[in-house]
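Chain IDs A, B, C, D and E follow the sequence of writing; residue 1 opens each chain.
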Amino acid sequence: MAPTAYYIALSGLLFAIGMIGVLTRRTAIMIFLSVELMLNAANLALVAFARAWGDLTAQTAVFIVMTLAAAEVAIGLAIIVAIFRKRETTNVDDLATLKG
Amino acid sequence: MLTVPEVHLAPMLPILIVLAGALASTVLGFFLPRRALTVINLVLLALSGVSMGTLWNSGAAAFGGALQADNAAVLLGLTILLGSAMTLLVSLDTAFRARVSFPEFDAMLMYAVTGTLLIAFSGDLITLLIGLEIMSLSSYVLATLQDSRPAEEAGLKYFLLGAVGSAILIYGIALVYGATGSLNYVGIAERAAGLSPQNLTILVGGALLLLAGFGFKVALAPFHQWTPDVYSGAPTSVSLFLSTVVKVAAFAGMLRVFGGALQNAPGWAPVLQILIAVTLIVGNAASLFQTNFKRMLAYSAVAHTGFLALALLGTPGLGGAAMAYYLLVYTLMTAAAFAIVAALQRSEKGMEISDLRGLYFRHPGYAVALAVCLASLAGLPPFAGFFGKYLVFQAALQGGYVWLSVLAALASVAALVYYLRPAMLMFMPDRTPAREYAYGERPATTFTVALGVIGVTVLGILPNLWYGWVANPAIWGTLAGR
Amino acid sequence: MPLYLLPLFPLIGFALLILFPRLFPGRSAGWLGSFTVLASFVVAVLRYLGQTETPAHEVLWTWLPNMALNANLAVGFYLDQLSALMALIITGVGFLIHVYSISYMGHDPKFVRFFAFMNFFVGMMLILVLADSYPLMFVGWEGVGTASYLLIGFWFSGRNSEAPDRKLREASDREGVANSNAARKAFIMNRIGDLGFMLGMFLLYKLYGTLSIPELAGRVAGAQVAQAGIELACLFLLVGAVGKSGQLPLTTWLPDAMAGPTPVSALIHAATMVTAGVYLIARSHFLYDLAPNASMWVAWVGALTALYGALSALNQHDIKKILAYSTVSQLGYMFLAVGLHAYSAGVFHLLTHAFFKALLFLSAGAVIHALHEEQDVRAMGGMRKFMPFTHLAALMGVLAIAGIPIWSGFFSKDAILAAAFTADPILYVVGLGVALLTAFYMGRWYFLVWRGEYRGHVAHPHEADGLMQVPLGILAALATLGGFLNVPSFLGGNHAFDTYLGRAIPLHPHEISASTEWLLTVLAVVAGVGGLLWAWAEHRRRRLADGPLGQVSSNALYLDRVYGSLFGIPSRAIAEGLDVVDRSVDGTLGGIARNSVAPGGLFTRWQSGFVRAYAVSMLLGTALIIGYWALKTIGGGGW
Amino acid sequence: MIAFIVLGALALVGAVITVAARNAVHAALGLVGTLLSVAGLFASLSAAFLAATQVIVYAGAIMVLFLFVIMLLNANQPISGRDPVPFVRELAGIGGVLLAGAFAVLAFTYRDPRPLAEGAAALQGGNAAPVGEVLLTRFLLPFEAVSILLLVAIVGAIALVQRPAAQPDGLTDAEGAALPTSPDLQPERGRA
Amino acid sequence: MIHLMIFLPLLGSLLLLATPKRWREEVAGFFAALTLGLGLLIWRGGGAELFSVNWVPALGITYSVALTGVSLALALVTALMSFIAVLYAARRVSNPGTMLSLVLAMETGLLGIFAARDLVLFYVFFEDALLPALLMLAIYGKPNRMRALVKFAAYTLFGSLLMLLSIIGVRYYGGSPTFALVDLVQHPVRGVTQTWLYLGFLAAMAVKLPLWPLHAWLPDFHEQNHDSGVPDVMGTLYKVGGYGLFQFGLPLFPDASLELRPVLMSLAAFTALYAAWIAFQQTDWKRLIAYAGLSHMGFVALGVFSLNETATIGAMYLLAFQNVYTGALFLAVGMLQERVGSVHTRVGGVMTQAGALGGMTLTLWLASIAVPGLAGFIGEFSVLLGAYQVQPWLAFVAGLSSIAAAAYALTAFQTTFWQGRPLGAVRVWDLQHTEWLVLGLPLAVALFFGVYSAPALNLIQPAVRGVLAGLGGS
């Protein structure tokens, strides 16, 4: 089997990519997708560690994190939709009136 | 065979009561007017407070330590309840003007409170995480609830950045787990002691990620940038809630994690001190140049985050006590200030600082109250803000962070300047017509303001009333639980 | 009779007059003022008569911390022959001048205030001379300074500032500005001297640990202190004396001080206050005896000032200015004397000078009065016809100051010249030359005012009234006969004055053969007579109006302008500069107050409103934190 | 090992597509790819139950929801025009590299606390039964609490999308006329 | 009794808000007079000994107060001047309720400062006095007061926060159980730490002295304050830096104060000269008096820093009584402004019509430029004499300012009160009613203590001896 370190490195890579996505994508949905990517990286790390410790709690934790993600998606998409209804845009750069 | 752990009702009673309030608002919202629900919720908050009081010194725990109702939890929980109650009171008067006077508002608020209590009572990282998420999600909704462009923009910003923040937090949890193989504070604290250097590296990495994640929740620079926008975009009563309750809860979580679980883990303190320094500079310097009072308060909230976080650098005994004292005082004065803004603002954008000119001659009561709050925020005796500052300085000094304390001192000079300008403007007579909402003074708000002002003054003259409770170092020695 | 009564009476008078001016209608204020001074005079006389060998020392109450030997310095009065003499002069001459003023100031709207100030002055002057410690003497010192300030500026808004007529009003305003400036100048220049006085006290305290004069006198003998210290202390005291007595280089205020009413000039700026410097040095004789160099400085300052005063007096046209410069010059004589440790001679000249200079000023005042405030000698002349009595008195004064035998000036000046001769021929020559010049300019003054034909504008100048004549008469008598108090031995006298004063101040009798004495005397007389003759000759040739040295003399050797450009202008410039600096020192704070400084703009630009920008800082922050940690791990650095 | 390499590569490719694809739908599909391969990795980490959940909940439910919203808001066209945030790509690149590098460093300092074989064995393949047992014993509280979270999600989503009407608070001015809401709030739109 | 004296004014100011308009003057005057009376009683009783109770036990903060020696003298002066300020405010300010209550509130803060024998308590009162001062400036100030406000507050807080740090440090590094002075002295901090802590403490005191270069708030504060000059009186009383240094600085940081003596003394001497010289350029009476006061404070600092007994006594004496005549001068300027409608120093000829006003102002001025026979002289002379024993040259530099003082004082006086009144200028009426008292009382005090200093010396001298003995200083 592959050592844990590999998995962690992989997850770290995924996390970094997700971050790049957050920064470079310009529509709310895409940014949100990238966040999902980061969450998955976290999950992957957790599961890998779970194996390393031979401990099921981490896997359970992952299960819960997935639920969190789902809930977040629900709220997030709701917000996005609500905004879209009023402005017909998902470009986050259009929402920059609050500043300074 | 499956053995369900012991489930004591007592430790979770406070949370359950609040939850009941949330559910009630959700369900009864179809039958009862919103104001009735608010009253019910206020009562429930009070009840929850009482039940919390019964937990004092009981050291009760449930779910195998996943939920611990130790004194720390009680003290922080009471602070949270106070802030929530003040929010509800203010919302009684201002929710309609802000167009958020419907049951869902209360429901979301109560859910958020549930989450915050969960954080304060949490015994392991997962509970903490869930608490944080409940709190955050409901806060996203609260910030967006108002049907206005600023609110929506605020909500979206809050949500996107918040999601990223939680992702970082979760990754941190993963690393910490990887290093210690445990998710509850006690286990982490125990294993953090004897670790091979490699996994210590991972542990510190996780700790730093947790720091970043929490840094977002409490608005430490450079994770603070959502704060001004969200506070100024959201309805003022919501800003009140976010700047008091949510921040208190986030700090409660930080106290649990860094004061408890990771207390003797190395590495995070030096980073935290850098973050604090940046926060102090950014927060104070930026608020010097605000022209909108509401937004200035938002920035000052950032600045205060810096002061509060100073307490984390002290020894848990002193630091925890300082933090607990400061949090209560901070809640009182910030809530009162926001309450006055909410009451007197013409538009949801809050009032410009220049609008405050001559307020003393139109609304003497509120003007004096606001002046007191600002003086307390600036840390002038005899108001409690002074002792808050004093305590965190003391904690930081005894932690050996002299340069940071000096920086904090200088920063609060700048703070004085920007608090002083509005405070003094209120007392300068002017000829121009009033630019604030004429019918703002109403019983509930007045009560809230009075509560804040009296509290700040009394705690300033007799700090022991509160500090006597929180001073005992034993409370903060066992943040991780036994 | 306790000593404190001496200053107390005039001060009571001052208090009454200044607090309840309305209680004293008409001339009653003048009488009250004169009476209080008379009362002090009586006390002084009684104390003088009851005087014993041992000086009287009466301590009142504790005053300054730690300034006596291991104790707090007390307020106390000290009466020895010197102070007794001074007290007599002050109260006696003072009383005469008070009486004179009743008539002279009779028509002034601020009659009451005038006498209040005069009383205040007398009181302060008495404190000065009776003080048992330098700080207390300093009280009187600055007190008389203040009094002189108030009295020089007595007409601070001009003499008819309420006049409805614009012309008069403007003239009066100009006069007011001039008077005020003169007063201020006097005070400030005195302050310069006072600083020296204070430093002297500080140093004395450092050396001997006390400022009480008797204690000092007691310790000076025994204490072992560096010679330089004593010399320096004496020089500091000299600075003080110079300031008060209008000696070089602080002399320019004294001529300006003539802006005050004439009795003031007579009392303060001729007879008493300006001699305080001489008194100070005589009082500190026990120090100067130990400080030869400092004493030499004193002598030279005196000699040069005498010369300076005489030269400046040559071509003045203000009847009082001439007398003022002559005062400067005569004070120089006194300094010369005390500088040569001939204290008795100096004090004796002080005495005679008090008589004849007061006399001259008062008679000048009478003339001014008669000519309705006309002060230019070119617009006078032939006054002899209009006011014979005053003329006679004035003549006595002129003869006295010119040093004509049997008149008082002759004896006192002679003693000084003798002392100078023994000490240093150059000083003697200077002194002799000054004597000549003195005789000349006084002669000029006399001929221009009293002889020749009348050039005035007033139709019929009237003779002074009785109230003014009585003091004139008494003073004339004193100026004439005062000299016989101290007839030198070679003239068959017994140095009565010297022996009296000798009880307080040890004498340094100079050994000169009687023949030399005679020679010196003759020379002095020749100088005096020669000067007068020279003036008379000029008078015959009608060329007296503008005396020798022309502008140089009438501008007092341009000393004022030099000071102005040397100190006045620069200090103003510096003040201006400092002010500018001080206002701009806190520009940044002001900027913050006005909410407009750069750094804040930085943060607001960072807060650009784009959520992704916020994400950038968040995630970069995270990356940096973790990166820092990773690097530290690679570096294997500890945590 | 092979499994790891293959799946890891796939995951990375998917991730890159997610981040880089101009068309939103492609990006979403790329994410699906990543999620699936992560599920595979779960399996290879002896977390069978999680793998299944990953496929069903994530790749299934959540991504469908995403796609649905993308279509609804037809947000699939990429946004053109210059980026208002300066240097964002460069900064993102630097930050990403830094982050990835740092994580790699941290990862390779990790030493397994116990032999992997043991650990894997102790997991009992991570089947539903053991996981469920943990969930109902040691994670009882989180398990319950998550339900609150979901409730919040539901109520919040509804409240956001269907903004209810504001209820007057009976505040009146001097004349007793009801006071309006803040002027800068635009009047409520008729709801769908 | 002492507690009553401290908090009576505060009580009064709170009561004042409740009393009907027409009674406010009387009530305020009553409370101010009562406080003064209490002070005199305490004086007659030989001062109030140390009284100490725990305030915040958990933090070792105590409520320790005492009114003896120097602090009693200063407290008495404070009470007196507050009373006079109340008198004048009641007469001059229309509807003075707010100002009166602020004055009283500030009086409590000031009395507390002088009475406090616990560092934190001292700090608390120190800041409490700030608020009323700010409010007075804000409510009654001149158009561009905001700048003055910000400067005033910022300078003050800059100092006091550093002081707060060193307060904490003093207890922490010294390991004293409480912040009470007695305990702190028992547990001294040594070495370089002490120096650093002293610098922190000094920051606050230097601002409040004020000492160059931390003085910039002073002129603006006075210039922008209300014309009546009542707030200026309180502001003058608020210059407590010298007292703080004496009461707390010297006992707590003996080595440091000995070590820094030359530097600090030169700063002080420079301040004295610098201020006097600038004052010469001022054409605004309030700025002028402000700089004059600054110059006096230079003398005070010189005395305290010199650690010489005579000089320290003089410094305290000067500190106490400059409040009297400087404050009275501000009020005199207020009267001048009321009459000619300006505080410019080129009005001219006022004394031709208002003799008493001019005379009193002149006498106060003379007191302020230390003409002997008035209270100013004793202090200044002792300071200079003492300082000369330590640093002759610095004493000389400071002494130079006495010349400059004569220059600025007499110039301003002359161009305002002397010389001709401009044709057609408003007619100036002379002192009336309470104004006589308002100027006369301080004048009498200044005169009395200039001639007969024993009562004050008996308070000050033993206290100074005690402190310096503990210091073992020269």
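Just so we're on the same page, a contact is a pair of C-beta atoms (placed from the backbone, for glycine too) under 8 Å apart; a residue touches a chain by one contact, two chains touch by 3 or more.
These numbers were taken from a predicted model, which means no experiment stands behind them.
**Student:** In this assembly, which chains make contact with subunit B and also with subunit C?
**Tutor:** A, D, E
**Student:** Among all chains, whose Cα centre is located farthest from the one for subunit B?
**Tutor:** Of all chains, C has its centre farthest from that of subunit B.
**Student:** Out of C-D and B-E, which chain pair has the most contact pairs?
**Tutor:** Comparing C-D with B-E, the pair joined by more C-beta contacts is B-E.
**Student:** What is the identifier of the chain with the smallest separation between its Cα mean and the overall Cα mean?
**Tutor:** E
**Student:** Subunit A to subunit E: how many Å between their CA centres?
**Tutor:** 64
**Student:** In whole angstrom, how far does the Cα centroid of subunit C sit from the Cα centroid of subunit E?
**Tutor:** 35
**Student:** Quick check: how many Å separate the C-alpha centres of subunit A and subunit B?
**Tutor:** Here subunit A and subunit B have centroids separated by 26 Å.
**Student:** Just give me the whole-number Å value for how far the CA centre of subunit B lies from that of subunit D.
**Tutor:** Roughly 26 Å separates the two chain centres.
**Student:** If a residue has to touch 2 or more other chains to count, which residues of subunit D qualify?
**Tutor:** Expected reply: 84-85, 88, 91-92, 95-96, 99, 102-103, 106, 109-110, 113, 138-139, 142, 146, 149, 152-153, 156, 160, 163.
**Student:** Out of subunit B, which residues touch more than one other chain, so two or more?
**Tutor:** Answer for subunit B, listing residues that touch two or more other chains: 126, 130, 133, 137, 140-141, 144, 156-157, 160, 164, 168, 175, 178, 181, 201, 205, 228-229, 417, 421.
**Student:** Hey, what residues on subunit C touch two or more of the other chains?
**Tutor:** 592-593, 604, 607-613, 615-616, 619-620, 622-623, 626, 629-630, 633
**Student:** Touch graph of the chains shown: is it line, ring, star, complete or other?
**Tutor:** Basically it's none of the tidy shapes, so other.
**Student:** Which of the chains are touching one another, listed as pairs?
**Tutor:** Pairs satisfying the touch definition: A-B, A-C, A-D, B-C, B-D, B-E, C-D, C-E.
**Student:** Report the residues of subunit D in contact with subunit A in the complex, numbered from low to high.
**Tutor:** Spelled out, the residues of subunit D in touch with subunit A are 1, 3-5, 8, 11-12, 15-16, 18-19, 24, 27-28, 31, 34-35, 38, 41-42, 44-47, 49-50, 53-54, 57-58, 61-62, 65-66, 69-70, 72-73, 75, 79, 83-85, 88-89, 91-93, 95-97, 99-100, 102-104, 106-108, 110, 112-114, 116-124, 126, 130-131, 134-135, 138-139, 142-143, 146, 149-150, 152-154, 156-157, 160-161, 163.
**Student:** Where on subunit E is subunit C touching in the complex?
**Tutor:** Interface residues on subunit E, with respect to subunit C: 146-147, 149-151, 154, 213, 216-217, 219, 274, 277-278, 280-282, 309-310, 313-314, 349, 351-352, 355, 359, 366, 371-373, 377-378, 381-382, 384-385, 388-389, 392, 395-396, 399-400, 402-403, 406-407, 410-411, 414, 418-421, 423, 451-454, 457, 461.
**Student:** Mind listing the subunit C positions that touch subunit D in their complex?
**Tutor:** 608, 610, 612-613, 616, 619-620, 622-624, 626-627, 629-630, 633-634
**Student:** Please name which positions on subunit B make contact with subunit A in the complex.
**Tutor:** 126, 129-130, 133, 137, 140-141, 144, 149-150, 152-157, 159-160, 163-164, 166-168, 170-171, 173-175, 177-178, 181, 183, 228-229, 232-233, 290, 295
**Student:** Which residues of subunit A touch subunit D once you look at their complex with the stated criterion?
**Tutor:** Within the complex, subunit A contacts subunit D at residues 1-21, 23-27, 29-30, 32-34, 36-37, 40, 43-44, 47-48, 50-57, 59-64, 66-75, 77-82, 84, 90-91, 93, 96.
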